[in-house]
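Below is the structure I would like to discuss, written out as structure tokens.
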Amino acid sequence: MRNRSLHIGAWLLVAIALTAVAAPLLLPDPDRVDYAAELAAPGAGHLLGTDQLGRDLAARLASGARTTLGSVGAVWLVSVAVGLFAGTVSALAGRIGHEVVARIVDVALALPQTVVALAVAGAIGPGMWQLVLAMSATAWAPTARLAHTYVHAARDRPDVTAARMAGIGTVRAMAAHVLPAASARVVVLATLGVGQLILSLAALSFLGLGAQPPTAEWGRMLADSRHDVIAAPWLIIAPTAAVFLAVTSVSLIADGARERVDLGSRTWPRF
Amino acid sequence: MSRHPLTRLALTAALLAATLTACSSPAEPADEGVLRVVTPYTIKNLDPVQQGLWAPEWGYGELLMRATEHGTVEPWLLESIENRTPTGWRLDLKPGIAFHNGHPLDAAALAAVFEANLAGNKRTQSQLADATVSADGPLTLDVETRHPTPNLPNLLADEGVLPVFDAAALAVVADRSDNAAVAAAGIYTGPFAVQSLTSDRLTLKRNEAYRDGPPRLSGVEVSFVEDGQARVLAVRAGEADLAFYPPSEALRNLGADVSALTAAANPSPLRGFVNTRGPLGDVNVRRALALAVDYRSLAEDAMDGLYSAPVGMFPASVPYARSDLRTDTAEAARLLDASGWGIRDGIRAKDGKALTITVLSYSSQPDTAVIATALQAQLSTAGFAVEIRDVPANYEAMADPEGWDVGLSFDSALGTTYDPLGRLHDFLHTKGQYNFGAVGDAGLDGLLDELSAAFDPTERDRLLDAIQQTAVADEAYALFIADRPVRVVASPAYAGYPASSVLQHVGATTGPDAA
Amino acid sequence: MAAVLSVRGLHVAYPDGTRALRGIDLDLADGECLALVGESGSGKSTLMRALLSLLPKGSRVTGSAVVDDGDEAVQAVGAGRAALRRLRGGLLGHVAQDPHAAADPLWGVGRHLREAWRARGIRPPAGAAEKRAEAVGIGDAKARLRQYPHQWSGGMLQRAHIAGAGVHGPLITLADEPTSALDAGLAATTLAVLREDARALLLVCHDLRHVAAVADRVAVLYAGRVVEIGAGVLERPRHPYTRALVAATPRPGHGLPVELPGTPPDGRREITGCAFAPRCGVAEKACRTEDPALAEGVACPVVRR
Amino acid sequence: MTAVLKRLAAALAVLATAGALVWALMLLSPVDPARQILLAQGDPAPAPSQVDATRHELGLDRSYPEQYARWAVAALHGDFGTSWRTGDPVAAELAGRLPATIRLTLVALGFSAVAALALAVFGLERPGGPADLLSRGLVFGGSALPVFAVGVVILEFVVVGAGVGRVVADGTWPGAVLPALPLALGIGAEWARVLRGGLRDALGAPHSETARARGAGRLRILARHGFPHAAAPFLTVAAMSAGGLLAGAAVVETLFTWPGVGRLLITSIDAGDLPVVQAIVLLGVLAFLGADLLAEGLSALIDPRLREKR
């Protein structure tokens, strides 16, 4: 059952990614304006119709997928890499190193991700990279905490102790016995938040704080089409469906993966 | 299944939610005699010195002069205005004008208006510093300005320079930000009087004692709604009769249930500030740019006919308007060739550097992004490589000498005084306050200085003609990209409402009119 | 003495198709202690759950299990609301395996004990909980009942469960491995307390030494069947399975325990003949085809001969 | 008791750090506050001397630590300076908008709770049954639908199309019903998922079996064992959703022109009105911290084991 959701989710994500990558070869330029074909209905010329400026909706959806997957992927990567690194360092670096990391993590955990994004947009202006930066600033905190907890507990595990006693250095013992399992947990935890992340980025872009024109982004596309709900419903349905499918795929993956890896108790212990 | 206690619990909860949803408040029924409008701009308080500009817009206040749909000014509360010396003016009030509190507006009350504004109103201070007034008869006031001020009639028509109010009645109000107290003092003169003002609504009632007889409407409700889409939806949903400043996106597919009304004259022009520090420092490049723009296509194709193509610096309705704008790509190519910009891969280049122009659009006017995109396409055929930057605030971005070549901005050439001088000086004089592009043309400066002291109408028209010739046709110091007509979205009952291009939205004769 | 519980032809199949019980027949006399022994998966716990109707939704139960207190006979198979009200906490007391898991950690022990009344809609009489606690040997009951389960030892907490199970003087107490989570020393005393407190006791227990100490009779279950039942089963095992079971129990002076060879059959498969035959040392050809019936307390024609 | 004080002290330390970060946003901004305030107060061309005077008045000519200290002290007194957009005190603008947002979020949280409760218990007892699948499908769908899309559809078809509710919301309780629906959608689904998981764990636990064996009814077990056990993970998630509430409110308030803090935040971001942004962001952090503390406190009240750990 769980494996099935993992599989469906993974295939869905692969399909979205393939569409995003292959679209430039198959579909028109997503930014090409054609005043003669404004708000064309879905059909032969334009698979999913066109928008207010006659741009091909399918191409823009695919381009929006690149925007979304790129920015979400960046935040995900940060939360995995920085989280794993900071958590491991904090677990192995002794008292002072731990305290420093722990305090930073405490603050980062106390700052709601979207609120930070809103604050950064307010200070340095709207933009997709600002959002990615702001989201990444706190995204690594939960993963760091998980990595710390896991690595810290593993340090005194019999197999690790045995490896160390056998003369292998602490770092090598950790790398061989602990890091793979810690990474798996961190990856799953980071993936759990991706669905919400996609929704947040789309919502912030809808508000005009994310992708700026003419960059195609699902939330922004929907915002630009609010006026045309009746005249061109496909302009609302398509980006909504895209967000829905993307969130569904990563949620299915996360659900499936969570069953495979034990993330420990649901409320993480405080340091 | 339904006997299951958990299922019952779930169904009960669902039912509860549904009931709560159904209790949503319906739209209030419309009162026939009350006009309900939605506008983005919030009126913060009723203090005329701070917020007086809204009074003539919504019909609870009036000015000494007013702008007409032709872009000229005419007396309003005044019977006449007469220039006697370069600095001396005689103002005659119409007889029988009274404030809402019943006090008459006579020369003494008007003198108090001048003094109150000169004491506290920053716009009055900057335009009429050190002016003195003296009553010369019951309805006659003499005004003496420090410098020659040929545009005093225009200044008096500006909604912010000299709001007219009962200064004596306002002086006894302890707290001018107390809306109820100011409303009760009845300090304005318009066909409607303020009943209440909250953070989201201004409510007006008919001034029964209005000098031209009672107004048609029994009242006006002005709701402040920032979101443009919401304003249009409010009219479609029957919550409002008129929506002001509808966003262009909302007009494209408005639907049959409401109509978009267009003001006859005075469209809002989209200007392109030109930065003379970059490649546009070369007059040939500037002129080529102006000639390469297809004004008709911008208005008709990019903006779907919601805009119109400009003819020149000023709206065609003013007497001194010149038609300087035209599209001629061959001429543009010739000018670029003449300046040594050769074509390489479709892009003009000189000394190995491509002719790259950065166009600023700004987010509070989303149309600028659309137009910038269209400009990019048009100019690329003439060999310009256009980059678009969308900035949050255009004036701030243009204050930076670097990073832009053309800054799009909705800036009327006439301003709120309907006097060409002020904006010309601000934008194009070497010392102009908003001379972002560092225009420094001694000849143009001389013409502008002459204009600021010219009283004779024919002399003024000659100077204005020369200024347009220099600034637009010869030197192309400014671009005029597209004109956006003033539009109002109206419910069927107000399909015949005359949209005002000079911000006088509500008057004594306003009322429901079918088309 | 009259049987307070008589089980006849009880079959249980779980929703996934596993046949956990394949025709159980047994009687429990009033005041008697009957111990159920057997490997994991032999159906001991299933029998208890079937009596309390605690099997997962979708399980199929057939046959009969009648609880009779002399005035009234209640059918536990397919029990409706009224029957369940009579059985659960009334005629049948229940003591769970792990005392800490079975006590809600959010509740004080006293509340947990009083819940035995409240669950049946009765207000606990004043001091009744303390009295019950003291009856099972919990000293300083008033103070201790105010504490939370995690502050109690397993043995003491199990006594509290025993106290709770006996609140309404049940005819039969069902105890599902009540000592497996306890230290060896505690187990014996806890079992003694349980035996003392219960009227008739149906006891599931892994540890054959404990069983021998408290049980009047022992029923050996294998693959959902009773293969041997009687008073001296553990002392004189007859069925090959019972023998193997006894041999697998470490006893001082009897050498190393002998581990049972092979694995129990897959419950989802249809079994023909004796279920134990594939692992049996004395199995004959007929054992693989003929279903051995329980006679003279043992379900093995080979050893009966 | 000392544990509680320690926890509070930690929360205050976090708040102080967050405050410093929020203040530091001012350093990132390219705008000159003094000039901006003069512009907002209606002076179209502030003279350099006037700008300098205002800068001095605002203390912007002092050292950064000193500026932060002054800002922090003022913020503690509820003074967040002057809006760069309107020239009015930030606190007054916030105070005018806060009640509407509180109304909206309370209604949305109420809806979320009701929906979560319904979806959590619907079909709970028969995993894999039609009710279970329906409920899980709704939860899954609800958590994957973007708030703004739902809002646009409600606005266009329910408000304008069917004439229910108002486009220009007035900020009153009844007016909050429709805007609260999209806001409640994601939160309700998330809550339902966690609550359902918690209930399933609790009802499958041995102590629930004990209760069943003792004759306790389903509702009694659900109420006495199920909900208290599901509460701790639920409260954690509920507190986390308080952090996301501000962004959700910004979307919904902008769509429904709700006169609340969320819309003010977006307006202020668009206008580059940093003092207002700072105040609202700090408010968001405060709400999140408060919700987190509340959730922890409630969890400790419910679970004696948590009381002893600290």
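Chains: A, B, C and D, in written order; residue numbering restarts at 1 for each.
Rule of thumb we're sticking to: contacts are C-beta pairs under 8 Å (C-beta built on N, C-alpha and C of every residue); 3 or more make two chains touch, one makes a residue touch a chain.
These numbers were taken from a predicted model, which means no experiment stands behind them.
Centrality annotation: D (chain centre taken as mean Cα position, compared with the mean over all protein Cα atoms).
Using the mean of the Cα atoms as each chain's centre, the chain most removed from chain C is B. Between the CA-based centres of chain B and chain D the separation comes to 38 Å, rounded to the whole angstrom.
Computed from the mean C-alpha positions, the centre of chain B lies at a distance of 89 Å from the centre of chain C. Our note on geometry: chain A versus chain C, Cα centroid distance of 52 Å, whole angstroms. Averaging C-alpha coordinates per chain places the centre of chain A 21 Å away from that of chain D. Contact of a single residue of chain B with at least two other chains is seen at positions 363, 392. Among the residues of chain A, those touching two or more other chains are numbered 125-126, 208, 226, 230. By the definition of touch given earlier, these chain pairs are in contact: A-B, A-D, B-D, C-D. The touching residues of chain C, when paired with chain D in their complex, are 52, 54, 57-58, 84-85, 87-90, 92, 94, 96-98, 101-106, 108, 115-116, 118-120, 148, 150, 161, 164-165, 174.
On the chain B side of its complex with chain A, the touching residues are 229, 232, 247, 249-250, 252-253, 255, 301-302, 304, 363, 369-370, 373-374, 377, 388, 390-392.
Residue ranges on chain A touching chain D, taken from their complex, read 106-107, 110-126, 195-196, 199-200, 202-204, 206-209, 219, 222-223, 226, 229-230, 236, 239-240, 243-244, 247-248, 251, 266-267. Chain D makes touch with chain B in their complex at residues 30-31, 42-45, 86, 88, 96, 111, 114-115, 117-119, 121-125, 131, 135, 155-156, 159-160, 163-168, 170-172, 174-175, 177-178, 181, 217-219, 222, 254-257, 259, 263, 267, 270-272. Of all the residues in chain B, the ones that touch chain D in their complex are 1, 4-7, 9-11, 13-14, 16-17, 20-21, 23-27, 38, 44, 50, 122-123, 126, 199-200, 223, 225-227, 230-231, 233-234, 236-240, 363-364, 392-393, 396, 433.
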